[in-house]
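Right, one structure below, let's go through it.
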Amino acid sequence: MEQLFSQIFVGLSIGSILLLVALGLTFTFGQMGVINMAHGEFIMAGAYTTYVVQQALGDGATSTAFLLSLPAALVVAGLLGLALEALLIRRLYGRPLDTLLVTWGVALILQQLARDLFGAQNVEVKSPGWLNGGTEVLGVGVAYNRIFIMVLALAATAGAWFVVSRMKQGRRMRAVMQNRQLAAASGIGTAAVDRRTFFLGSGLAGVAGVAITQLGSVGPTLGQNYIVDAFLVVVAGGLGKLRGAVIAALVLGLCNSLIEYWTEASLAKVIVFVLIVAFLQLRPQGIVAQETRGLA
Amino acid sequence: MLLAACGSDSGDSGSGGGGGGDTIKVGVLHSLSGTMAISEVSVKDAELLAIEELNAEGGVLGKKIEPVVEDGASDWPTFAEKAQKLISQDKVAATFGGWTSASRKAMLPVFERNKALLYYPVQYEGLEASPYIFYSGATTNQQIIPALEYLKTEKKAKSLYLVGSDYVFPRTANKEIKAWAAANGVKVLGEEYAPLGSTEFSTIVNKVKAANPDAVFNTLNGDSNVAFFKQLEGAGLPATKLPVVSVSIAEDEVRGIGASKVEGQIVAWNYYQTTPGAANEKFVAAYKKKYGAKRVTDDPIEAAYLQVKLWAAAVEKAGSTDVEKVKAASKGLTYDAPEGKVTIDGDNQHIYKTARIGVIQPDGLIKTVWESKGPIKPDPFLKTYPWAKGL
Amino acid sequence: MSALLATVRRRVVGPREELPARIAFAIVAFLLIVVAPSMLSDFRLGLLAKYLVFAIVAVGIALAWGRGGMLVLGQGLFFGLGGYAMAMHLQLAEAPDGQPPAFMTLTGAEHVPGIWGPFESTAFTLAMVVLLPMLAATLLGLLVFRSRVRGPYFAILTQALAAAFVIFLVGQQQFSGGTNGLTVMTFFGLDLADPDDKRTLYLIVVAVLALVFLIGRQLVRSRYGRLLVAVRDAEDRVRFLGYDPTLVKVVAFAASAGMAGLAGALFVPVVGIISPASLGIVPSIEMVIWVAVGGRLSLAGAIAGAVLVNYAKTELSEQLPSAWLYGQGLLFVVVVAFAPRGIAGIGEWLRENRGRLRRGRDATPAAATTVEEGA
Amino acid sequence: MSPQPTPPRAEGDPAIRPRHPSDPPQTPPEKAGEPLLRIRGLGVQFGGFHALTDVDFDAREGEVHFLIGPNGAGKTTLVDIITGLTKPTTGSVSFDGQQLVGHKEHRIVHFGVGRTFQAATVFEALTVGENLDLAASYRLGLRRLLRQPRGHADAVVEALEVTGLADEVDKSAGALAHGQKQWLEIGMLLAQGPRLLLLDEPVAGMSPDERTRTGELIRYLARGRTVLVVEHDMDFMRRFADRVTVLHEGRILRADATVAEVQADPTVQEVYIGRARDDRNSAGRSGAAAAGAPAASDDEEAA
């Protein structure tokens, strides 16, 4: 029983990591329909930002540096996203497969750039003291860094939800995503909205990068580990649906941890992939579907 | 156009070439790009240092050694392809290369086919002795078995949990460990593998915790170690409560992981930067002088360095770079390496090595806490161990 | 009026430039069969063989992606199925009587895994090399296309499957050899160390590539080929013409999978090893770039792309490993974003504009210069 | 840029001569036998929205049956249901005794039902001839599809002839003028030899000449077939319809009537005039719609 609780906690913890890395994609992929394969590299950029901030502030200020990295990573990754949107993606609207390949090329370049800037060796991001160690809740050992990531995922999701549904900016965003022509005709500057959506989506990847520094060390290929999972979360959740992404991330996290407990890590990953493919057979539109009429 | 671009470098591939002209060519074949570059670049650096030193002393057979450096790109077919290129196009006298078992397995047929020499510098899972490969890293009985003996005698461990990355070395090593454990009255409570590069160890840590072993034997690769140790600590199992012996973390990896994250962990190797002796002091100084004071030496780096010196000594002794003559001259050859005196075993072309157990210090260096009584004879097939019969 | 219709009725529709194409085919065949083996060293010829193996994959991708609009990011899966099937057979064949195949020294297993059994048979293996990937693709295609998963979703799904396949192979070391993969020394009596035998192997690769190219060409030029283009551009319209787009796509997807499997099977003797590292997300997407560079709409372009990109990789990564990684990224960006028709597009552009160039600037533009991409 | 569409070539062929108002009605509706298409109790909901409610509808062989109604009346939805694109919530659609509901789109085509779309969809990367050939080949098995085609089938030649696209046979369909694309799409239907044709706004965006030409095409098609036309253009309807059914807010307002009956129907006028007034108010359009000529053609809307 205690083991089951333990695994449920692990599942929620994996789920919150998945949610964090996929959150930005619900904007860029889900809403704009842009398949940004460099999303993983934006995560990596967020992680390296944490490293740079830490180096700049010195050893004494680990805690401050870490907290400061959150907004810094948001801005750095967001700006990278903005540049990508302006230079390339803008020219490729309506060519989703080409966008996918082009952004993959950008991902390769960013990886090599990281290698040249920071070395092929992984770099170490020190954890603030309050993230080390753990405690026991209901007989279940919980690490502080995992709790932090859950809280961060929750906060980021709430923030994203707030922007989308409560702010004027967010309403415009939704208007553009639902009907680009109509929105343009109603006087919304769709290009500006696209830019902001992309900034937000990419920035969230940067925030995820900060969290991921607390799991392992930081290297140029860090983003690659998450990109496929992140896309699967968005696809399974239903495009552009925050609610769907949350459910999908948590369900996938739980599936992963429970299956891994009964089998082994590699097999669990394979089984989860196969389950997603099977699920998409039943519900190609994902968990939360947009009501549409016909195909048009 | 394409054909012209491919070049027309024809010629036969004789064995043990590289001797024409004023120089002797040798191949240096490691991953300079891709995921393995992290580890292999340092090893390549060590080999180039050794070559430089040899050249400064006049080369071998009065000729300068000319290294031909190739990138295996962390891709096993590329290793095979580049090995073929070094042999048939560059006609190198010998090749120093490889890190992963997979890259060695990919190159092995190439060297055997062409009757050319490969020197391989990394500890590995054993169960191999190619007549065309010299193994300068440890085999199982020089690293893993001493580490197990240490756990059993010094740490009084009666039960073990095995955790490794999902690839060949951990799986094969764990098979050997289980056989050893069965014969030594030690219980293996579980065996878990994480996908390479994985940073998600919560479930594995939960399983370890539930099993409550006396010690963990860790064959995780590089980065995964950080996540594993962090999650162990988060689950209330720091190094002080649960000893973990790792066989894939050396000083160079600690540099990337961050010493603070693995401080106090136990490792098993044959050489540390802190290993005493004049030969090592000279080696460490030379390495830091050439590559920077921040760089560290470790077991594979030292093995890479010493294997170049061993090859040169064999060539001098044979008076030729001919492969068969070098092989013959290598039998029983000794050399004063940084790790101490090493000897080539004539039968399996492995090296006698001293086993050393160490503990990672806050500064990232490793302090020896136990060492074997003198160099251990290499036994890749574990023929002298009755418990290993079934393997 | 009726005279015009009479000519329409009689005219052969389709290939309009049959002769130049045949001459080009003959020249390339001559270069590959006669010139290359006599001019290149054994090592270089081996490399060329590898490039040509990749070209086989590229033909399949051009078919599925260029013609069918299915961006296949998981060809590594099919390449691997063919490759492992062949490697299993070759390892069994190489193993001395009564001894286990070479990879088992590591796993220490007592018995050859059951799944290896049928691969003792040469006929079974040769069939499986093509059929196994085709079956897998058919099954996947029927499931996925029927629920109208397409475009980027399909691409991501195939990518995830390639990733899952790699994790599976690595984890099932007892029958797959794990990360080490499987190495082979011989190929149906050919000794892979022997230069003459390697030359024979090279010629086999050339022959298979020619065959695959001709099959691909027939597919493209048949009514089916047009149907595939129609499905790419307006899948729903095709449905209302009475065709089932699912089946149309499955055929192209399965054909491309079969070609990838065949290539995988030849990759094994040419390179001597097959391992999960050659099949994952990154190698699979690299396969797509060959085709993007060569020209996704042209089978010949795809072949040229595979050979050129891999040649550039060999050369550049030898001299400037870091530059190659930037170069590869840039290649993706520049070709896909700004020259989606690739190398083949240059030739087409020249042909389309030949008249105009000759006539000068004031001449009227040639009709229909826009070939829309089916992205 | 694009060449002018070929002018109508109808002279000399009585079958595709424009119909004059003085002509007698071609089909005696009351006397026709079993309807080819019979729809009963059809209803469909999207979420909570009732797109169609309790629709009964018949169409007989040889008639050109217009389906009219304001936007959102459910015309296209009805066509979607007949062709299998949308699944109805209730009701049945039988075609020549064959139940269509529940069959996949491509199966329904094999029963002899063909349709066009509001926005002409032809395969732009293929030539005109290839488009028609593809349409004509839909009954071939995979083995024959894999052969390289030689020459054109009679059905393709007929379609070229009737649509006046013979000169453009090797032209890429993407390079055709707008009207020509519409004709090509109709020609593709023709090449398939269906017994029921559903045309969704076939004259949207066309010039008056092109409309006339299209109308003639439709009359040609109706020989031995049933043609169901969804249209906004009242003038076009008056010139070419045999029978008219009016839909409004998902219900049948007037079923199976003649043009004259519809024009005289006060409820129909009310629906259209009310709508025309709305249009005027919202878009500031000049009120072209007078009683008897209910709605302006909706080119902009259909584009």
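Order of writing sets the labels: A, B, C and D. Residues in every chain begin at 1.
Following the convention adopted for this analysis, a contact is a pair of C-beta atoms (placed from the backbone, for glycine too) under 8 Å apart; a residue touches a chain by one contact, two chains touch by 3 or more.
Here the structure is a predicted model, which is why all the values come from computation and not from measurement.
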| item | value |
| --- | --- |
| Result of counting contacting C-beta pairs for A-B and B-C, higher pair | B-C |
| Closest chain to the centre of mass proxy, which here is the mean CA position | C |
| Far-end chain from subunit C, centres as C-alpha averages | D |
| Averaged-CA centre spacing for the pair subunit B and subunit A, given as whole angstrom | 37 |
| Whole-Å separation of chain centres (CA-atom averages), subunit A against subunit C | 33 |
| Inter-chain centre distance, subunit B versus subunit D - centres from mean C-alpha coordinates, in Å | 76 |
| Residues of subunit C engaged with two or more neighbouring chains | 167, 170-171, 236, 322, 325 |
| Residues of subunit A whose C-beta touches two or more other chains | 264, 266, 269, 295 |
| Residues within subunit D bordering two or more other chains | none |
| Subunit C-touching residues of subunit B, taken from the complex the two chains share | 2-3, 5-11, 13, 32-33, 70-71, 73-77, 80-81, 84-85, 88-89, 100-102, 105-106, 108-110, 113-114, 125, 127-128, 166-168, 171-172, 175, 193, 195-196, 390-391 |
| Residues of subunit A touching subunit B in the complex | 3, 6-7, 10, 13-14, 17, 120-127, 132-134, 136, 141-146, 212, 214-217, 219, 221, 225, 257, 260-261, 264-266, 269 |
| Complex contact set, residues of subunit D against subunit C | 83, 104-106, 109-110, 114-115, 117, 121-126, 129-130, 133-135, 137-140, 142, 144-152, 157, 160-161, 166-167, 169, 171-172, 174-175, 188, 192 |
| Subunit B partner contacts - residues on subunit C that touch it in the complex | 31, 35-36, 39-44, 46-48, 50, 105-108, 167, 170-171, 173, 177-181, 183-185, 192-193, 271-273, 275, 277-278, 307-308, 311, 317-318, 321-322, 324-325 |
| Residues of subunit C that touch subunit D when the two form their complex | 1, 4-5, 8-15, 218-219, 221-224, 226-227, 229-230, 233-234, 236-237, 239-245, 247, 251, 367-368, 370-372, 374 |
